[in-house]
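Common to both upcoming complexes is chain A, partnered first by chain B, then by chain C.
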Partner chain A sequence: MPKKILVPCGSGVATSNMAAEKLRKVLRDRGIDAQIQAVDFRSLASLASQADLIVSVAPHGEAKYPIRVINGIALLTGVGLEQCINEIVDALH
Partner chain B sequence: MKADDSSVNFPQIYSLRTSCSTTDELFREVGLLMVGEEIVAKDFVSALIKREEQFPTGLQLDGATVAMPHVDARFSLKTAIVVAVNDAPVDFRRMDDPEKMLAVRVAIFLVINDATKQVVFLSRLSHMFADQNFSRLVNTSDDPEPVAQYLKTVLEEERGEGYA
Partner chain C sequence: MGGVAHILHTLTNYGPAVFLPIIMLAIGLVLRMKFLQAASSAILLGVAFAAVSLVIGYILGVIGPVGNQMISNTGLHLSALDIGWTPAAAISWAWKFAALGFVIEIVVNIVMLWAKWTDILNVDMWNVWHLSWMGALITMVTGSYVIALIADIVWVAMQLKIGQYIRPRVQEMTDLPGVTSTHPMFFNLLWLYPVYLLVNRIPGINKIKISPQSLRDRLGIFGENHVLGFIIGCLIGIAAGDNVAVVLQTGIEAAAALTLFPMVSSLFMRALVPISEAATEFMKARFPGRMFYVGLDWPILAGVSTIWTVSILLIPFVLLATVVLPGNMVLPFGSVMFIGGVVPGAVLTRGDMVKTWIMSIIMLPLYFYAATWLAPLMTRIAVSTGVVKIPPHVHFITWLNQDTPGVTWFMAQVPKMFENGRIILPVVLSLLAIGLGWLQVRYWHNENKKSTTSTDELKVAEAE
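Our next item is the complex of A and B:
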């Protein structure tokens, strides 16, 4: 089963899709099979229990969910991207 | 406001220079022009200001700062990107750390109406943000045109692959 990663933002449209698409690309380049879904914050409550990881570009109360949260702003800015990806890859293992 | 050509899923790119002294003033000036150009619905400006408060969009890039203000897709009348270069920096809160402020001159207003079709151009945007040439351009341009041209070039690199 591929691991499931949720990438939330305010509407689940622009920011989350930017970050999710970048994450898809870098994980694919590393040969890692994962299911990555851009979602809005409201959907997190119902989806978090079936996911393995939240990669968040904006803090918005994700800490209340029982799965790990990693800051993914590097997916948008490129600053510290390598370290961010390493952290995500480690969390998936 | 200067406009470029467009197709259904490829964003029309607009650029303008502004001389606003606050973020709200910038949002009102750019937002009203966007309403006038029929890029967004009439109630866009208040939605944009509210949305930025709730979900700030300032980004600290490597050596530059930008913001990407946007709202829900329901306000979009077409797909567009508006590049505004303000004379002096205005305050934006950081997307990843809203307690921190960033001084931002270049704001890239995103108007998305169907992310599933526009995910390719969204991914090109993050590619551009990570590019040092883009940071240099942001820091040296008083004119929005070179930034808009660069954006257009970056987006067109994948045009035809993902734009059905």
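Our next item is the complex of A and C:
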């Protein structure tokens, strides 16, 4: 059963898909099988219970979720990407 | 040149779902993408057009007749159906010169970095659709491609400048170093700032402290697309005087429409990701070793609870404005969440919920009148690009929550006034715009001097 990762943004359209595609690519390159879904923040609370991890490009939110949240801004900027991916891989294990 | 023009003309006749994928395949190959990958993205782009057309057709078919019935039942002249930003983006991508947006974005950014007018590398290639949107709109209003090109160049320069001004504040609010948002919605700061000064003068306003998070937890469900769509659909059904069964049916169909929109629109993004990455690499490669701040789309600020709480708390006022504003033609449906006005307000007030809310309410009429102005133009563009077929029972489509209602109107109408030989009004408006720009620059200059984050070292955006 592949782990499920949610990547949220404002609309579930643009930024989240950008980050999700990038994440898909790097995880595939590392041979990790994960189901990655771009969603919007408004439905994140309802979806979080059925997922394993949130990789968010908007940290510092005060909202609490039942699963771990990792800062994924590096997926967009490319700065510190290695470290970010390592953190995600660790969290998946 | 004649040959190229002929080929372009032939291609545009095939419709956007065929034309743009071919252009994007060509751009992908120029940017050194692998052929199969570029082809896959190109086909996905065509699929995105087909899917968006389908959903727009569905919405017009569902809401159009009920809306008409509502007009005859209530006497309200709401003949322009708001279908939100996703169709606007689709229509923009379908404009025949849409792909030029990438060129303008990249060239202006490179020139400004080279001239040291900015430290920002904008990697948000998604919002390039705004350049096409403005281009299509301005050429329709003024008939001039030159004015459209100039407006687009100014647009990109403004994005980079405002992104640079707000960067320390973005860092303060998100804890993200080295990034900013270059989304054009921050143009709204121009007119939000005077409103902010006014709101600050309300006695006792600084003493009200409400935590937006607790409200967000309670109200959050109203922001979910299907819930929101259901409520709006039911309200339109009730206003149309339908019976319970039809009201509930309209509610569910409207909910389906608002749920499907982001789903099909995300196909655009997935198709554009490889192009976007290639364009970013192309720009980075021009400045080896240079330090950048990275310009991104607005959702890096989406962790600020005020944005969501105010967007939801604004909905009753949106509905009220629909009914009470004289001359309003807009029936709100697709863009009832006023993110584009609320995010810059939240940045200005540092996330103060009450101030952002009041500022947003004050500015609502601007959105309604801008969307009323936009309705015939957007309808014509939509039809001429072939993305939307307007059924006979629908008069106009429009976009209520335009990202930049004031700037859009200004950039299209002021040149038109000059064209028509009018002098005084456009000159006054231009002076007003310059004045607002000056206030804005002064504000951020003072703020950033105080800020502790502005001296942070620039982060290197390394090429992958």
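We adopt the following convention: the second predicted complex is superposed on the first by the 89 of 93 C-alpha atoms of A that agree within 3 Å, B and C clash if a C-alpha of one lies under 4 Å from a C-alpha of the other, contacts with A are read in each partner's own complex, and residues count from 1 in each chain.
Definition applied: a residue touches a chain if its C-beta (ideal position, glycine included) is under 8 Å from a C-beta of that chain, and two chains touch if they have at least 3 such contacts.
Please read these numbers as outputs of a predicted model, since none were measured by experiment.
Peer 1: Judging by the criteria at the top, classify the pair chain B and chain C on chain A as clash or fit.
Peer 2: After superposition on chain A, which the two structures share, chain B runs into chain C.
Peer 1: In the superposed arrangement, which partner chain does A:13 touch: chain B (first), chain C (second), both, or neither?
Peer 2: both
Peer 1: Identify which of chain B and chain C touches the larger number of residues of chain A.
Peer 2: After superposition, C is the partner touching more of chain A.
Peer 1: Which partner does A:2 reach: the first (chain B), the second (chain C), both, or neither?
Peer 2: neither
Peer 1: With the two structures laid over each other on chain A, which partner does A:77 touch: chain B (first), chain C (second), both, or neither?
Peer 2: In the superposed model, A:77 contacts both chain B and chain C.
Peer 1: Check chain A for residues that touch chain B in one structure and chain C in the other, and list them.
Peer 2: Correct list for chain A: 9-15, 17-18, 21-22, 38, 57-60, 73, 76-79, 81.
Peer 1: Flag every residue of chain B that touches chain A in the complex, lowest number first.
Peer 2: Per the touch definition, chain B meets chain A at residues 51, 54-57, 59-62, 68, 70-73, 95-98, 110, 112, 115, 118-120, 122-123, 125-127, 129-131.
Peer 1: Applying the document's contact rule, which stretches of chain A touch chain B when the two form their complex?
Peer 2: It comes out as residues 9-15, 17-19, 21-22, 25, 38, 57-60, 71, 73, 75-79, 81.
Peer 1: Please output the residues of chain A touching chain C within their complex, sorted ascending.
Peer 2: 8-18, 21-22, 38, 40-43, 45-46, 56-63, 73, 76-79, 81
Peer 1: Which of the residues in chain C come into contact with chain A in the complex?
Peer 2: Chain C reaches chain A through residues 86, 123, 126-127, 173-176, 178-179, 213, 216-217, 220, 223-225, 262, 265-266, 268-270, 273, 276-277, 280, 294, 296-305, 308, 339, 459-464.
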